[in-house]
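Here is the structure we will look at, set down as C-alpha cells.
By letter and in written order, the chains are A, B and C; residue numbering begins at 1 in each of them.
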Amino acid sequence: MHDSSTTVVHERNGEAHAAHNPALLHHFAEPQQQRDAASLGMWVFLATEVMFFGGLFCAYLVYRQWYFGDFAAASKSINMGLGATNTAVLICSSLTVVLAVWAAQTARRSLLVGSLALTMLLGLTFLGIKGIEYRDKFVEHHVPGASFSFENEPIPGHPGQYANARHAQMFFSLYFVMTGLHALHMIIGLGIFLWLLIMAWKGRFTPEWHTPVEIGGLYWHFVDIVWIYLFPLLYLIDRHP
Amino acid sequence: MLNNFPLWPQQASTLAGHVDALYIFLLIVTGMMALLVFVCIIFFAARYRHRPGVRAEQIEGSNALEITWSAIPFLIFMVIFVWGALVYFKERTPPTDASEVYVVAKQWMWKVEHAEGQREINELHVPVGRDVKLIMTSQDVIHSFYIPAFRIKQDVLPGRYTVEWFRATKPGVYHLFCAEYCGTQHSGMVGSIVVQEQAQYEAWMNGGSTGPLSASGEKIFAELGCATCHRTDTPGRGPNLQGVFGQPVQLEDGRTVTADENYLRECILDPGAKRVKGFQPIMPTFQGLVSEEQVNALVAYIKSISANKPPGGAKATASVVAPRHEPGETRAQAGERVHAQPNGSQVQ
Amino acid sequence: MSMSMTTPILQPVERENYLNKEYGVWSWLLTTDHKRIALLYLISITFFFFIGGFFALLIRLELLTPVGDLVQADTYNKLFTMHGMVMVFFFLIPSIPAVLGNFLVPMMIGAKDLAFPRINLLSWYLYIIGGVMMLHCMLTGGVDTGWTFYAPFSTSFTNTNIIEAGLAIFVAGFSSILTGLNFVVTIHRMRAPGMTWSRLPLFIWAHYATSIIQLLGTPVIAVTIVLVAAERALHLGIFDPKLGGDPLLFQHLFWFYSHPAVYIMILPSMGVITEIIACFSRKRIFGYHFVAFSSIAIAVFGFLVWAHHMFVAGISVYSALVFSFLSYAVALPSAIKVFNWTATLYKGSIHYDAPMLYAFGFLGLFTIGGLTGLFLAALGIDVHVTDTYFVVAHFHYIMVGGAVMGYLGGMHFWWPKISGRLYPEGWARLAALIVFIGFNLTFFPQFVLGYMGMPRRYYDYSHMPEFQVLNVLSTAGATVLGVGYLLPMVYFLWSMRYGKPASDNPWNAAGLEWKTASPPTTFNFDAEPVVTWEAYNYEELDAPHKEGVPVAR
C-alpha cells in the first residue's frame, strides 16, 4: 500500500508514460479535467433528481389546490415539532458536510473522519425521527389502505366543518410517497457516506484528490434541499399561531 | 368511388364538410411541399451525380435562404393552425338548445338514454337536421365516442361528464366506434348511429318509451329521500334545488362555481368536495348507491325543475339558490333579504 | 465500389485492436471500453428488435381478416402492448445513442473514452436487467394496457402484471439517463484541443440535444411508474376517480416524458443522416449552425407540446389552442433541417453507396411523416383522426421510416470502422430498396384507413369489412419489410468472417473517427489529436494529391 502522495510511473500500451497521481484515470488528460468531469456529472445527475421529485410535486400541488381544506386538516395531524426538528437535523448535517469537504481540502484527516461520522449520525437521527412519525401514523390509522380512517377532523379556520376522508387519504398517499422516496435517497446517501468514511479512515483522500467527498457532499446537500421544500409543503399548510 | 373499396368516409353531419375542407387543403399544401422537396432531391441526386474530375462546391450556407424557408413554412403553419382552431371551436361549442342524450360507457357497451326516456344499447337514433348534445360518462375506464361519418370524437371519462354534439345531415346508418383502448373487447364496443327523417324518428320514439328521463329522476329523488333535506316548501337542511341548474353557487371556501351537470353529479357522489356556503356538511354520499344511469336521471330531473335556464355567470350576492322573490322584489333584493337571515338558513 | 483514394492497407498480421486485445467472456462483460460496450448494446437491442418485430408480424397477420381468428382478444391486446413497449423502451430509445453514440462520440471529439466508462458499463447492465424483467413479464403472461398504460385501466382494472413491466421500464429508463449523463459530460469536458463547439460534427450536436431530453424527461416517467405501481399495490387513489384521483393527471405526467421521448428517438438519426449526406455529397453541410441550433430547438420545444396527445381527452379548449400552436413551432426546426440536407446535395458530387440510399430513404419518409404531423397538430382534423390508424401511420413513418432508416444507414456507414470489414455493397443496396418499398406498402395504406375511421388497437373489424383491402396491403408490405430487415443481419454477420478487410478510411470521410484504425485500438488515438480544421473538410480531403500519399491521416 503506497502513500497516496507519491506519484507512480507505470506502463500502458507497452510504453512508460509520465508520472501522475494514481487516482488519475487513463482516459483523462489531467487531474483538473477529471475533477471537472466528476463535478459536472454530479450536477447533471442532480438535475435529473429535480425532475424526478418535480413530477411528484406537480401531482401534490394539483390535489392540494383542489382539496385545500382537507389537506390542511390532514397536515395538522402530522407532527410539526418532529418535522421542524428533522429540518434542523438536516441543516446541521449539511454543515458537517461542508466541514468534511474543507477538511479534505486542507488535509485534516481526523476532522474529515469526524465530520463524515457526524453527518451519518445526523442522517440516522433523521431517519429515526421519520420512523417515529411513520409509526405514529400507523397507530392513528392514517396510512392509506384498508384500515385508513380520518373521521371528525376539523378543517382549520372553518369551525364546524370536517375533512373529507377520501381527500385526506390523498394527502397521506402523497405524504408517504414523497417522504418515502426522500428517505430512500437518504439511505442511499448514508451508504455513500459510509464508503467515504472508510476511505477517509484509510487515508485515501488528499488535497489533490478528494473528488468523492465533494460530489458525495453535493448529493447530500441536494437531499437536504428536497426536505427544505417538503417540510413547509407538507407540514405547514394553513397553520395558524 | 368504388363501393367495395371506399377511401373516404361519408359526410353526414354539418361539421364533416368543414373538417374535410381543411383536410383537402392540408393534402394539397403538404403534397406541394413534399413534391418540392422530392423533386429537388431527385434532381440534385441525378444532376450532381459523382463524375470523375468534377469536384463538389463547398457552400457554407445562406442566411437569406434560411430565413425564407423558415418564414414561409411558418406562415403556412399559422394558417393551418388558425383554420384548425376555428373548426375545433365549432366542434366543441354545442348549441344551447340542442336536445340532450345521456351516454354511459361501460366495458364493453354503450348505454344510451334519451331525455324523453328511450333507452338504447350500442345504438343511437337521432332525427336528421336537429342539434344533438351527448352528455357522457363512464362506469369504469376511459372510452371514446367516435362517429367517423360526423368527424367527431370525445373521450368518455369515469368520474365526470364530457360533452360532444352534432347535427346529422343525411339519413342513414353510420358506424359508432370506441376509440380509446379499454380492455379485452375494445374492438367489440361498436354500434350504429341511426339517423332518421323526423317522421320516422317520432314513430320510433313513440314505440316503447318509459317516460321522460326527468320523471324517473323525480321518482329516484323521492325514493332515496333527497326531498327530506332538499325541500322546496320550507328551508331544509340542504339547499333548495328548484331553479339551481345553471346558476352560480357560492361555496364554503369562498369560490363560486356554476351548477352545471358535472357539479350536480359531484354533489351526489362526493358531497364534501364543493360544499355550499351556509349549510352543514351532513349530506351523505351516494357513491355506490346509485348507478350512472340513475345519476343521469337525477340530473335531468334537477334540470327540469329549473323553471327557465337563465344565463349563467350572473353575480350572486348571497345565497346559493335564487330564492323565490316576493312580489315586486328583484332577484338581487331577494338575495339580500335571505343573506340577512341568521345562520344563513333560507327563508322564503 | 470502394471510394477510397488510398491504396488499401494490407494486413498480413492482424494489428492489435479493441476486438482482439483480449479474449474471453469476462473481458467483454467487465469491459469499460466504450467500443465494446457499444457492441454489447448492439447484440442486445438487435435481440429486442426482432422480438418486437415478431409481435408486429403477428399483429399484421391477425389483421389480414376482419374476424379475430388468429389469436384471442386478450392475446392480441398483449401483442400490441408488448410490441410498443419493447420497440420504444428496449429498441428505439437506446438504439443509436447506445450503439453508434457510444462507439463514436469519444472518437469524434478526439477522446480516449467517455467521461465515465464504468457508469457506461453500468448503463448496459441496467438495460439488461430491465430487459430480463420485461422478458420475464412477457413469458408470464405479458401486459395488455397498450404501451401508454392509461389509468384507471392500468391501475384498477387489468389483471396483468403491470408492476413488473413498469419496473422493467423504470430500470431501462435509468440506463437511458446514465447514457445521457455520460454524453453531456463527455461533450463538455473531453473535447480534444482545438475542437470547439463550432467544429463538432453535427452527429455530436444531435446526441447532445438527445441527452438533454433523456436527462430531463426520463425521471418524470420514472415517478409516474412509481405512482402507478403504488396505486396498484396499495390502492392509493392518485389516478382512479373511484378512489378520488384524476385520470387526466396520469396522462399529463405520462406524455410529459413520452412526447420528448419521440425526439430522443429521432434526433440521433438526424445526426447520422447529416454525416452520411455530407460524406456522400463530398461537401460540408449547408447551414451548419442552423442545423446545430435546430437540434437544440427541437429538444427545448419538444418539452412544451405534450398535451397534443390529449386534444379529445377532456382538456379545455384554451389548453388545446396553446398546445396546437406550440406543436407547429416544434415542426419548424425539423423542416429547416430537411431543407438544409436537400441544399447540401446541390452542387455536390453524389455517390449512391448503401448508406446514402438509406439517407435518401430517410429524407423521403421522414418528410412524409413530418408533414402528416401537421395534420395531427390541426385541432379540427385531430378530433377525427386521433386514436385511429392515421396516428399509427404517422409515427411509424417517423420511427421506422426515419429513426430505423437512420440507424441502418449509420450501421452501414460505420461498419468498416466497427468491424474492420466491408459489407457486400450489392446486397446492401438491395436491402435498402426492399426496406423502402416494404415500408411504404405497409404504412401508407394506414393513412387512408385512419381517415376512413378505423380505430387503433382493434383486433376484430368484422363490423367494418370495407377496411380489409387496405389491411391486406399493409400486411403484404410488412412481410416485405421483414425480409428487408433480415438481410442486413445475415450479411453483416457474414462480413465479419468473409468480408473484405477495410482500410482506415474507406469512404475518405471527414471526422476524427476516421483517423483511427479500422477497427480502432482500445484507446482510439495513438496521440491526442489537435484540431485545426473545420468540420466536414471535404475540400481538403478531395484535394488532388500525389499518388501513393495517404489522404486520411
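Definition applied: contacts are C-beta pairs under 8 Å (C-beta built on N, C-alpha and C of every residue); 3 or more make two chains touch, one makes a residue touch a chain.
Keep in mind that what you see is a predicted model, and the values were worked out from it rather than measured.
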If you tally the C-beta contacts for B-C and for A-C, which one comes out higher? B-C
Chain whose averaged C-alpha position falls nearest the assembly-wide average: C
How many angstrom lie between the centres of chain A and chain B, each centre taken as the mean Cα position? 46
CA centroid of chain B to CA centroid of chain C, Å: 38
Once you find the CA centre of chain A and the CA centre of chain C, what distance in Å lies between them? 35
Two or more other chains touching the same residue: where does that happen in chain B? 270
Among the residues of chain C, which ones contact at least 2 other chains? 244, 246
Do you know which chain A residues sit against two or more other chains? 166-167
In the complex of these two chains, what residues of chain A are touching chain C? 13, 26-29, 33, 36-37, 40-41, 44-45, 47-49, 51-56, 58-59, 62, 144-146, 166-167, 169-170, 173-174, 177, 181
Per the touch rule, the chain C residues reaching chain A in their complex are 106, 111-117, 177, 181-182, 184-186, 188-190, 215-220, 222-224, 226-227, 230, 234-238, 243-246, 249, 253, 256, 521, 523, 528
For chain B, which residues are in contact with chain A within the complex? 252-253, 270, 272-273, 275, 280-281
Mind pulling up the chain C residues that touch chain B in the complex? 68, 73-74, 77, 144-146, 150, 152-153, 157-158, 241-242, 244, 246-248, 281-284, 286-290, 311-314, 317, 320-321, 324-325, 328, 331-332, 335-336, 338-340, 342-343, 345-352, 360, 363-364, 367-368, 371-372, 374-375, 377-384, 386-388, 448, 451-453, 455-461, 463-464, 466, 469, 538-539, 542
Chain B residues touching chain C in their complex are 4-9, 18-19, 22-23, 26, 30, 33-34, 37-38, 40-41, 44-45, 48-51, 54-62, 65-66, 69-70, 73-74, 77-78, 80-81, 83-92, 107, 140-142, 144, 146, 148-149, 151-155, 157-160, 162, 175, 177-188, 190, 270, 287
